[in-house]
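Chains here go by letter, A, B, C, D and E, matching the order in which they are written, and residues are numbered from 1 within each.
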Amino acid sequence: MSPVEFVPVIPLLPLVAMVIILLVTRPLDVAAQRRAGLRPGPSPRGGHDDHGGATGHDAHAAHEDAHDAHDAHGGGHGHGVTTTWGMIGSVIAVIAMVGAFALAIAILFQFLGSPSLQRTGYTAHLWDWFNFGPLHYVIDFRVDPLTAVMLVVVTGVSMLVHLYSIGYLAGDPGYSRFFLELALFTVSMLILVLGANVLVLYIGWELVGLSSYLLIGFWFDVAPPPPGSDLPYPPSAALKAFVTTRLGDFGMLIGILILFVTTGTFTFTTLNTPSTYQHVDQFTVTLAMILIFCGAVGKSAQFPLHVWLPDAMAGPTPVSALIHAATMVAAGVYLVARFFPLYAQVAGPQSLEVVGWVGAFTALFAAVIALAQNDIKKVLAYSTISQLGYMFVGLAVAPTDATGIFHLFTHAFFKALLFLGSGSVIHAVAGNQDMRRMGGLAKYMPITAITFLAATLSISGFPLFAGFFSKDAIIGEAFTYGADHGGNYWFYGLTLFTAGLTAFYMFRLFFMTFGGKGGAFGGFWGGERQYRGDAHPHESPWVMTLPLILLAIPSVLAGYWSINSGFANFMTASTNQPYNGPALDTLTYAGVAVALAGIGLAWLVYGAEIIPARVFTSNPVGRAAHVVLVNKFYLDELYGFLIKYIILALSQGAVLFDLYVIDGIVNGSARSVQRLGDATRRTETGALQNYAAAIFGGALIIALVVFIATGAFVR
Amino acid sequence: MPLNIATVAFYVIAVALVGSSLAVVMLRNIVHAALFLAVSFGAAAGVYVLLNAEFIAIVQILIYAGAVTVLVLFAIMLTQNAMSRSSSPFSGQTWLAAIIAVALAAGLIFTVGASQMALAEPGASANMVNGINGGGSVTRIGQLLYSPFSYSYVLPFEIASVVLLVAIIGAIVIGRED
Amino acid sequence: MVTLNSFLVLGALVFCIGLFGALSKRNAVAILMSIEIMLNAVNITLVAYASAFQSFAGAGHGERLTGQIFAIFIITVAAAEAAVALAMIIAIYRRRSTIDVGQINLMRW
Amino acid sequence: MTSTIGLPQIWLLSPELSVVLLSFLVLGLDLVTRRKAVTWATAFIGLIIPLALTFSLAFNTFGSRPTTAFYGMLVVDTYAIFFKLLFLLIGFTVILVSYQFVEKYLRATPGEYYSIILMSLAGMMLIGSSGELITIYISFELTSIPLYILAGLSRSDTRSAEAAVKYVLLGAMSSAILLYGMTLLYGATGTTDLVEIAKATTSVLHTGNLLLIVGEVFIFAGFGFKVSAVPFHMWAPDIYEGAPTPSTLFFSVGSKAAGFAALLRIFVFGGLVALNSSYLWVMVAVVAALTMIVGNVGALLQTNIKRMMAYSSIGQAGYLLVGFASLIIHNTTAGDQAMLVFLFVYIVTNIGAFTGIIALGDATGRENIRDFDGFGRRSPWIAAGMAVCFLALAGIPPMAGFLSKLVIFWVAWGQGSGMTILVIIGLLMSAVSIGYYANVVWRMYVVEPEKRDYVQTPVSVGLTMAVAVAGVIALTIVFGPLMAQVGIGANSLFGALVH
Amino acid sequence: MLLTAIVFLPLVAGILALLAPERAARWIAAVFTGAVFLLTLWLYFGLLGSGAPNFGTVMDPQWYINLKWIDVSLGSFHFKVDYALGADGLSITMLILNGLLSLLAVIGSWKISNRPKLYFAMLLVLETGVMGVFASFDLFLFILFWEIELVPMFLLIGIWGGQRREYAAWKFLIYTLVGSAFTLAGIFLIYFETGGNNASFQHFAQTAPGLTGSLPFFGTTVSLALVVFLLLFVGFAVKIPMWPVHTWLPDAHTEAPTAVSVLLAGVLLKMGAYGLIRICLGFAPHGAVEFAPILGVLAAINVLWGAGASMVQKDMKRMIAYSSVSHMGYVLLGVAAAAAVGASDVAFRQAALTGAALQMFTHGTITGMLFFSVGVLYDKAHTREIDIFGGIGKRMPLLMLLYSIACFASLGLPGLSGFVSEYLVFTGSFATLPIPTICAAFGVVLTAGYLLWMLRRSFYGPLNMKWDWLTDATWLEATPLIALTLVILFVGIYPLPIVNLLTPSMQQMLHGMSAIVAH
């Protein structure tokens, strides 16, 4: 029995944890809270409010004004106490995740050690849904190198986030619910990456959407932020996230359907075999692949469906780290990678070009918006969008999917670290997320700061950090691509420029949060004097810092796996094509130079404040640009307009059509029958002669009709 | 065309019948109308005589010209003030009535003249009024009405007796002053 | 020449005269009189047919005097009917003081 | 055909005879007793004798019997027996349900009232078994004159007198047109015997004979008046509304059944459908369509329930005429059979419906549809029975009304393309008809009553309702055997044609 | 016998409930509907026990009973109505659904206080009618049962309904009756065109391929099978309901009391779909093939129209009612795809048809759950206006949880049953009707939009203090919801048993269609 044969256990562990929490610990937790007076008991009206449930937060939350309500979310400041049962539930979840992670690691190592397993993969048949002749709808899991990597990423980050959440969510009345939903997410994500066919993948795909919806809306009962505030509102954000990704899923579903009706199968191994498509028009496949990419656009928040991700920051920060940075949003990348042979070999080149253009544009677009954001999580959100764009570019330009996936791999760690770090910061400053009211926090929370710095360096592509390896590989591949494709260096240019922007805004964030003018090491290491807020910052408890430390390790070191194309060869083992990464020293220098330039500029503006930030907004062009950026290019407004005046108007039209046209006809015909009835009544004049006339006149007319019918008049 | 006395009689009677019937429906004075009704019934009796149906003629005179006319006159007297004299005796649909009547008459005349009859190949065109050839049918009529031993209409005859009974009861019940 | 048709036409004419009266008069008694004229016309037609069929005596039941028998029944029943109808007219006259059928229209629609 | 009149002939006539004798007896009781219950019980129990005699005819209890008597004027075939039973059923229920009405509202003495009903009943029974035009006419008048009287029997109700006048004058006019039609038929065939007419039409006369056609149209008009077919229907709403309710019940079932009995007897037994069927079909189909439409549409906005029931009965006549049309078009027994079954079911359900109306009317003197508000609570059992009967009339399953309507339309559809249009009109009109039938149910069960007092109903009314509802349910269950039995009757009508 | 018991036990119970004292009525109803539900389950498990289970087809019905009822010759034809009850996979599925929902409806209306005897009696009569529709194997018997349901439903809406109950009840009644008038005409037509001697389902299934020829129609000719199909379809289309004859549904659903809405959406609509599949498709396949493209377009309109209309509703129940229109569109789409005989493999059409049948089941459970949820809320708050609420999730966490589950099931979330059937329909129908399928698939996005928007407006956000007094669902109220949740979860995760149940009858039907293609 090898570890890989236990692969169904990986999702099963969090599932079991979830069921235990749902059925056992959470009801007990709620009951305990009620006993302790932490949540309203049975109402005075004598109802049966006795089985608890999703009552969020705290009774007064609704009465506090929006700002305070938001502050209150920064991780349970003494509003409540985690009950024993809540703690037991969370511990069970963490234990389950540790088990899952261990198994994932074991499987990864088994794969690393077995080239044959790398080639063939491992398929576990669970159960049938239904079979119609040649069409099989089955629930199968499959592990191949790609999945093995994803398993480690998902279980690893998830495990750490679980651990972190014990600290972050401590005292929140929804503590148990949070772990329940987190476990649900983990199960869903594991189903997604384990699916051996499109059906299972789609199931996981939708379920992570659900978990995302639930977790974004975790604080569902808060008051909306005051008008004008750009703080996202959890209920709206959850709705927006779900519907927007569904819009992408719609395209994906159509793409799946095209593939299914042309090939008659859902199974990836068959789908990814070019010989399956011998009798299929290439255009059809291209179309299908572009449509499938729509799903990725939605899930991975690419332009133009990226709008949900910044709002998704309304969820608790661990959620942002796990779902909206490390794993779920990367599912789009995973999807394209999963179908990579189809994109690369069967479909026309247009399909990957679309992927590349969307990715490259999004990378730049999001990075530009990130420049003007002041909310720490929003910056990270746009950064995530931008980095996901990178990954798509990586998939589009490289000959294998390894480049993109490797960036996914490294990004998962450092972006999770960034989010958890920001969570730690928010926790420290009483829920404030506005960087303008931070600064100099390094001294208060050194562990957070140092790990955050590591991640920041990593994402900026600072040499020898993980991000450097993965991101510069993409930039390098983009250059090669340009060389191979008639000088199409657009991808290269865009990615390179964006790399600079990334470094700039990430260090802007770092300086505004941890450093500031006059801090140690030239502004990197700020202190009391740099702190602009009014809370009492403090370092987070060990359950929160431990994950930071643990994540910092791969954030720094993960990149070394790509040395000598180790990662790429692992990924492409099944194709038996030795992979030669871009040997592009000069280009790497270009990337590093751009990154350093960005870091330097950020230091000049925010670290040492040699150049005042006003410089950007003091001229009319800059001011206008800033307004546009702050408002994220007004896309939310555009979509709002479309929904309100197109969809809702059409819907209203349908209702009015029902009401006035169809029901008009229906009621009208009913009324005309009634009117006919009235007319019939009116013939009954009560006058006897009229009746007699009807008798004789009727007989006469009938006789005439029959006369005519017999032809009596003709003869 | 031989113009014998019977033919002349037919036309005279026919004119009288139509004329008196028209008078019944046209006259404003209801009493006059009732009197013309008697004339009309009498003329009809004349037609029966022409058709060698003396018994019917007698019955006609007795029941119709006698009994029914008297009954009608009584009714008219009892309801003397019912109709205001100033207003027309005709209702609003007189024209409609006229159209229906004329059209129906035209149709009926067309019909009776145009059709084949099961028994009437010679009879239809034969002169019907060759003269009054004496009675003789009365006995036969009597037999046909209620002979229990030969073909007779004894069943309808008996039923008719019940009809008369019920009419009597009805007239009493309805006409009774409460 | 007076043929069967002469009588039939006469019957039809009288029937329709009666019909005209029945449809146009307002006085209930007058309507009843018109109806009696219609029945008379029917009788004339019947008797005319009976006379025409006399030449087929013995060919079937009743020696083709059936028409006359029918006429007798009609006369009888018509008289009975007239009696009942007149009783009813008088009854309504007692209640409504009118026998104008145009006004006897409590029930309509 | 026997040439003498003896016991067997009297036996054949015995049901009608006994009904007439019973009517005399009841009439005489007025002289002897003043107790209404006695008269009522005599009339009701006395009807058992004709019933027994009818059954003896049906089962040939006194040995094999001739089918005709009185020189072919009395025809006692299965068809006739079917109608005799039907009319006796009507007689029983009408007498049963009249008890309280007679107590409260009647102008006549009970003896007069019941004897009039019984004489009319005798007329109806004779119509069904007449084999000759004169007999039919006389029986017809024996039926009608009592009905005119019944319409005018309500004490102190001006509308009743008005109804009587209208009814008698219009009835006389319809008699006139009927007689003219019979005369023309006589002229064309030279005989009034239906068997002879059938022979003449099948052997001597040709299709397109105008005399025959006009005669048929006029006869149809005359009976159309009785069955209230459009455009001869206009008397019905006024007279139904004005007449006392038990009389209305009697009109709506007895008069209609008698009309159809005579119509079928003349047209089928008299062989008239053998000739001119395509022209006759046009006539009947047009009338049927108009009847269904006017009846069902006209009922929608009525406020008086009896008036509504008049329109309802017009609509039902329309369905029956659809059966008649399908009978004519191909001259098959199928239409005939369907009509008889439909008639049977219609009579039972209509009795139930009217019983409910009588129950409320007797108790409160009210007869507007509005007065049925909350009847479901004021008198649960009567209301439930009434609802069942109304829904059966509307043709809502599972009650027999649905099946009988189904059969009518089914047969009609089977006759070919022309009839399908008629069927579709009929089906749509059934859908329309739910508008007024369900309205009554709605008011009984949904609308809150003005006052919640309990409506007292005498046992007799309750019993009638129970019989009607039981009948509806029983007819549903035994619908198959019923169809088969009725089929024998329907077939017997075609007997004359095979001579 | 089993089917007879299933069909008539509710009727017996209805009569008993009328006769019994008022307090006992609900117990009688509960006991009998419970027993009937167990019997319907036995329909399935009884067959399962016997080794290789044979779930039956139209030609080979299980639990078959056939008694002569009416059998007379009229002229040259035979008027024959048999008391023929039988069940195949499709019927069994629907019978179980009806058994379940009827039981839950009784539990869900436990607290009814206005004329409970009549209420439960009507509910039970309704169950008889619907059971009869799903179990009859004679076309005339079918139409007979078809219309039984009308009056109980009319009264249930009329007496226990909401503000505009009069309008709604009448609209429902007249709409349905006018529709079924055409269906009856269609039954006549098919009966006479197939010999006029037999109305058994087996007979029609056998003669269906022979239903060719054409009818004159205003100077041109149309194929007979198409006319048969369309005539039959009108009544079913009203019931399903298909655009543009759907407008009775929002009114009826909105005004009906909760349990009745559940039955209306849960099983009565399925009667239409059942008729469409069993009768239109099974007995007039030629017509179905001809009509399939148009049906596909209508299905897409149904989905989008219903979803769009749901989007702008202010009343929660009305929104769910429109969502039923939308979701029944998937059934139509599946049927259309099954009939759209093109180049595609028969397996795709089988998938589509099975999906349609499965969608009938899943929609029944899901919409039932949605209506129950709204009912719980309405019983407490006495309003259903979405915007009037706000943040009540805080006061009603259990209801919010269950309501959310229902919403997610409705919007096709995997793991819940709605996804299975919708996915199945899409994968099957895309092969034959790609454009309508794309349109219909967009409905999934809209569904997510309006359902979650509704949740967000009424349950999420700060608690509107006006509703501070609201209490959570009681166990009694939650029972139907929890039961349905379990069903939804089971079918969503492991649909194989129910698909196996459906497969033989679906295959038989498609076999008939394939025979036509071969022609």
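What we mean here is this: a contact is a pair of C-beta atoms (placed from the backbone, for glycine too) under 8 Å apart; a residue touches a chain by one contact, two chains touch by 3 or more.
Note that the coordinates shown come from a computational prediction; the quantities given were computed from them, not determined experimentally.
Student: Touching both subunit D and subunit E, which chains are there?
Tutor: Touches both subunit D and subunit E: A.
Student: Which contact partners do subunit C and subunit E have in common?
Tutor: Intersection of subunit C and subunit E contact lists gives A, D.
Student: Please identify the chain with the largest separation between its CA centroid and the CA centroid of subunit D.
Tutor: When every chain centre is compared against subunit D, the largest gap points to A.
Student: A-B versus A-D: which interface comes out with more C-beta contact pairs?
Tutor: A-D
Student: Express in whole angstrom the distance between the two chain centres, defined as the mean CA positions of subunit B and subunit E.
Tutor: One centre to the other, that is 70 Å.
Student: State, to the nearest whole Å, the distance from the C-alpha centre of subunit B to the C-alpha centre of subunit C.
Tutor: 6
Student: Any idea how many Å lie between the Cα centroids of subunit A and subunit E?
Tutor: 36
Student: Could you put a whole-Å number on the gap between the CA centroids of subunit B and subunit D?
Tutor: Centre separation, subunit B to subunit D: 31 Å.
Student: Multi-chain contacts in subunit B: which residues touch at least two other chains?
Tutor: 91, 93, 96-97, 100, 104, 107-108, 110, 112, 114, 119-120, 151, 153, 156, 160, 163, 167, 170, 174
Student: Two or more other chains in contact with one residue: find those residues in subunit A.
Tutor: 681, 684, 686-690, 692-693, 696-697, 699, 703, 707, 712 - these are the residues of subunit A that touch more than one other chain.
Student: Among the residues of subunit E, which are close enough to touch at least two other chains?
Tutor: In subunit E, 174 touch at least two other chains.
Student: Which pairs of chains touch each other?
Tutor: A-B, A-C, A-D, A-E, B-C, B-D, C-D, D-E
Student: Per the contact definition, I'd like the list of subunit C residues that touch subunit A in the complex.
Tutor: 19, 22-26, 28, 31, 101-102, 104-109
Student: Taking the complex as given, what residues does subunit C use to touch subunit D?
Tutor: Contact set of subunit C toward subunit D: 8, 15, 18, 22, 28, 31-32, 35, 38-39, 41-42, 45-46, 49, 53, 56, 59-61, 64, 66-67, 69-70, 73-74, 77-78, 80-81, 84-85, 88-89, 91-92, 95-96, 101, 104-108.
Student: In the complex of these two chains, what residues of subunit D are touching subunit A?
Tutor: 165-166, 169-170, 173-174, 177, 208, 210, 213-214, 217-218, 220-221, 225, 230-232, 234-235, 237-238, 276, 278-280, 282-283, 286-287, 294, 297-302, 432, 435
Student: In the complex formed with subunit D, which residues of subunit B make contact?
Tutor: Touching subunit D: residues 107-108, 110-112, 114-120, 148-156, 159-160, 162-163, 165-167, 169-170, 173-174, 176, 178 of subunit B.
Student: For subunit D, which residues are in contact with subunit C within the complex?
Tutor: Going through subunit D, the ones touching subunit C are 71-72, 133-134, 137-138, 141, 145, 148-149, 152, 158-159, 161-166, 168-169, 171-173, 175-176, 179-180, 182-184, 186-187, 190-193, 196, 237-238, 241-242, 307.
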